[in-house]
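Read from first to last, the chains carry the letters A, B and C; within each, the first residue is number 1.
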Amino acid sequence: MSAAKANLELLPRSLQALLALAFLALALFPLVGTDFYVQSVARMMILAMFAMSLDLLLGVTGLVSLGHAAFFGLAGYALAFLTPAGEPVSLWWTLPAAVAASGLAALVIGFFVVRTHGIYFIMVTMAFAQMVYYLFFDNKWLGGSDGLYVNFKPDAWLFDLDSKLGFYYFTLAMLALVYCFLRRLLWSPFGRVLAGIRVNEHRMRAMGYGTFGYKLAAFTLAGALAGLAGYLYAAQSGFVNPELMGFHASAHAIMMVILGGMGNFAGAIVGAFAFEYLLHWFKDLPQVGAFNLGKHWQLWMGLFIVLVVVFARAGLLGALERLTRRRPAAPVPTEEERTA
Amino acid sequence: MNEVLLSARDITKRFGGLSAVNQVCLDLHQGAIHAVIGPNGAGKSTLTHLLSGDIAPSAGTVTLAGQDVTGWRPERISRAGLGRSYQKTNIFLPFTVWENVRLAAQSRRQRAVRWLSLAGGFADTNERATRALELARLQHRRDAVAGTMSHGEQRQLEIAMSLATAPRVLLLDEPLAGMGTAEAERMVELLLRLKAEHAMMLVEHDMDAVFALADRLTVMVNGQVIASGAPAQVRADPMVQTAYLGEEH
Amino acid sequence: MDLANFSIQLLNSVQYGLLLFMLAAGLTLIFGIMGVVNLAHGSFYMVGAYLAWWLSSMTGSFTLALLGGAVLAVIFGLALERVLFRHFYHRDHLDQVLLTFGLIYIFEESRSILWGDDVHGVKVPDLLSASIPLTDTLSYPVYRLFMAAVCVALAIGLYLLISKTRLGMKIRAGAFNRDMTEALGVNIKLIHAIVFAIGVALATVAGMIASPISSVFPNMGAQVLIMCFVVVVIGGIGSVRGALIAALLVGLVDTFGKVLLPQLAGMLVYMLMAAVLLWKPEGLFRQ
């Protein structure tokens, strides 16, 4: 029953160094980047947070949710509803409210969904997410297919979210916070139980763990964190629509986590950046003869996904780890390494 | 007479029209090993699943340390003091030996969910885990990844994990399965060491081990108990000899 | 609601339910026997509809389009199984989800490149274009009855195939114990290919016969996929009987729901699913 592969949970020193460098690069980027790219990278960081929240479910706990984008979108809609037509609203109460809304939705949906297993779980998460999608799509008073505008960026007092720089650094701070929180969670007793559930849920129950409760807690927490990302996304783009919530968006998030490498959150960040970059690259492909390559980006994306699944399941970090590994077995982590 | 820690009365499991386990009665005493033997398909593993809560009974009762645990979910029965090992090794292959037992031991912590403290830092959990490893003689392998160990060592880990929850009752499903002579001897020695502090049920096919270990013996055929009592007595029972032992010896 | 209206809604429910059954039966068979989840199942439905439009506009005959489309669907199904799906039977569900999600993109874009993104209508063949009068003002289209009849015929055919033929016996044996069946000399690979082709054909033919009613438009696969998943969840994975009961149930709840409670319309089916999940998390007829 213990068939699950080992995740790359413990990041080797070389990878940790690379990540630290990457963080530094992100912090310094606005000094060299144009406004447009600063915005793009900020959006990638937001999607990275979304991907990390999914990694908690998918990579750590082993729950394949095709409905995670619903919680991402719900928080964005919450901001849209809470922002009045004439003035900005304070971030300091709307952010917690939006995150709580997503968390509550995750708790309710999770209550029905977490009792299923395997393929059922995948199908019901997809079904409930599409239910949320159609709820917003079909109802004009919820915005309908056109969506809603977020008329003003929220007021964050210390941070000026209206400036590209202010928003960028606020997002970077949030990204760092979420990453540190999740890394810490991974090595906590709660995180170890989730990992155990992924590897062998049956044995966990036999050992006395009430796995339903743990899975529900993970589902709710992941939903709340997705809401955090969704709120920032809506704040940045100023616009929400049902497309944020459908199973396509959820599948994109799964791709990000897979592409980067599951189970360590750093992979989710790498995967989000790589996926977004690739997506835009595909969309910007030029016209060749009569054939507009960029218009048919879904074809290239589809082929790419198929190729990744067939050939590169361990993701980018997995491949990198194999390249930088010197000894055949992974070294035993010391206390310091484990807290990284 | 030692205390009865686990008691099954008329426990029955029906699948459609078939009775996999039919009105079985069983008592497990503190400090004694009760072996259950029988041909393949006799219902021994099903019986184990019924006692541990992995399967719900169709009829009958199970009592654990005086409490009626009939129909309880496996996690609840485990918390009430029952530990079990599996016929097919059921460990966490990607984790180290230490993490396997630590996770088992952690299940006993009363405080529900700790999100921000390091899992490795709880003294009581670590103590329980260390003691389980010592009992199973696996301390020297604590940093090995479970999936890289030999079959025999994995079976030892299987036992260590069932001990790490500090149970009073142990259900062991074919702990010697697939072992060579030396490994089997070590396992028998381990099981004898465990006897004093637990009430144990042992499902086994290895007859040498059974007669070395059992204080009481129950023979099952086609879901029913055909003999139960002291090993020498059961061994001499003509029905048992024709049904089972006659083919083995 | 008077009797005539009620009859119409009832007929609509059954017809919609039967159509969903055709899709769900294919999905549940493929999953039950080969353990593969296929998100691209809705794409087969879409391909069927586009084939019906394309072939009928080329040949001028809906019947020819149906027959030709069915043959093409079987060939397509066999090829897809041989080249791709066969290698994923043993992979975990996550891999299958991603693979088939990638396929959705590939199918949608290929359709866009080959046939464009416009909405098309498919003409109901003259033979079936009449309506049966129910009252002075209401009548029921013969074509819808034809659709229901085709679904029923295929359902009966499927039942007979699985329970009464040697092939069906081999299919059931293979689902129960693959290795043993292979050891007994049955060509399991061929069985799997046939089952897959049947699943694809059912979905494609469903798309073909539905096209005159639903029109032919991009993204029609996604809409029907979700309903199909809901049906399989309610009915129980691997159970064709469960798929039939669940599909009829969904057809009834959806059709009557839209008429009686229009504000909740889209949500009712999901509420049904949620209720079933509380009672039986593995579906009504879990194998």
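Just so it is clear, a residue touches a chain if its C-beta (ideal position, glycine included) is under 8 Å from a C-beta of that chain, and two chains touch if they have at least 3 such contacts.
These figures come from a predicted structure and were not determined experimentally.
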Relative to chain A, chain with the most remote C-alpha centre: B
Centrality ranking, top chain (CA atoms only): A
Whole-Å separation of chain centres (CA-atom averages), chain A against chain B: 42
Centroid spacing, where centroids are CA-atom means, of chain B and chain C in whole angstrom: 48
Inter-centroid spacing, chain C versus chain A (mean Cα positions, whole Å): 33
Residue ranges of chain A touching chain B (in the complex, touch as defined): 1-7, 184-185, 187-193, 195-196, 199-200, 202-211, 214, 217, 329-330, 332, 335, 338-339
List of chain B residues in touch with chain A within their complex: 52, 54, 73-75, 78-79, 84, 88-96, 99, 102-104, 106-109, 113-120, 122, 143, 145-148, 161, 165
Of all residues in chain A, those that touch chain C in their complex: 58, 64, 66, 112-113, 115-120, 122-124, 126-128, 130-131, 134-135, 138, 251, 254-255, 258, 296, 298-299, 301-306, 308-310, 313
Sites on chain C touched by chain A in the complex: 31, 37, 87, 93-95, 97-99, 101-106, 108-110, 112-113, 226, 229-230, 232-233, 237, 265-267, 270, 273-274, 277-278, 281-283
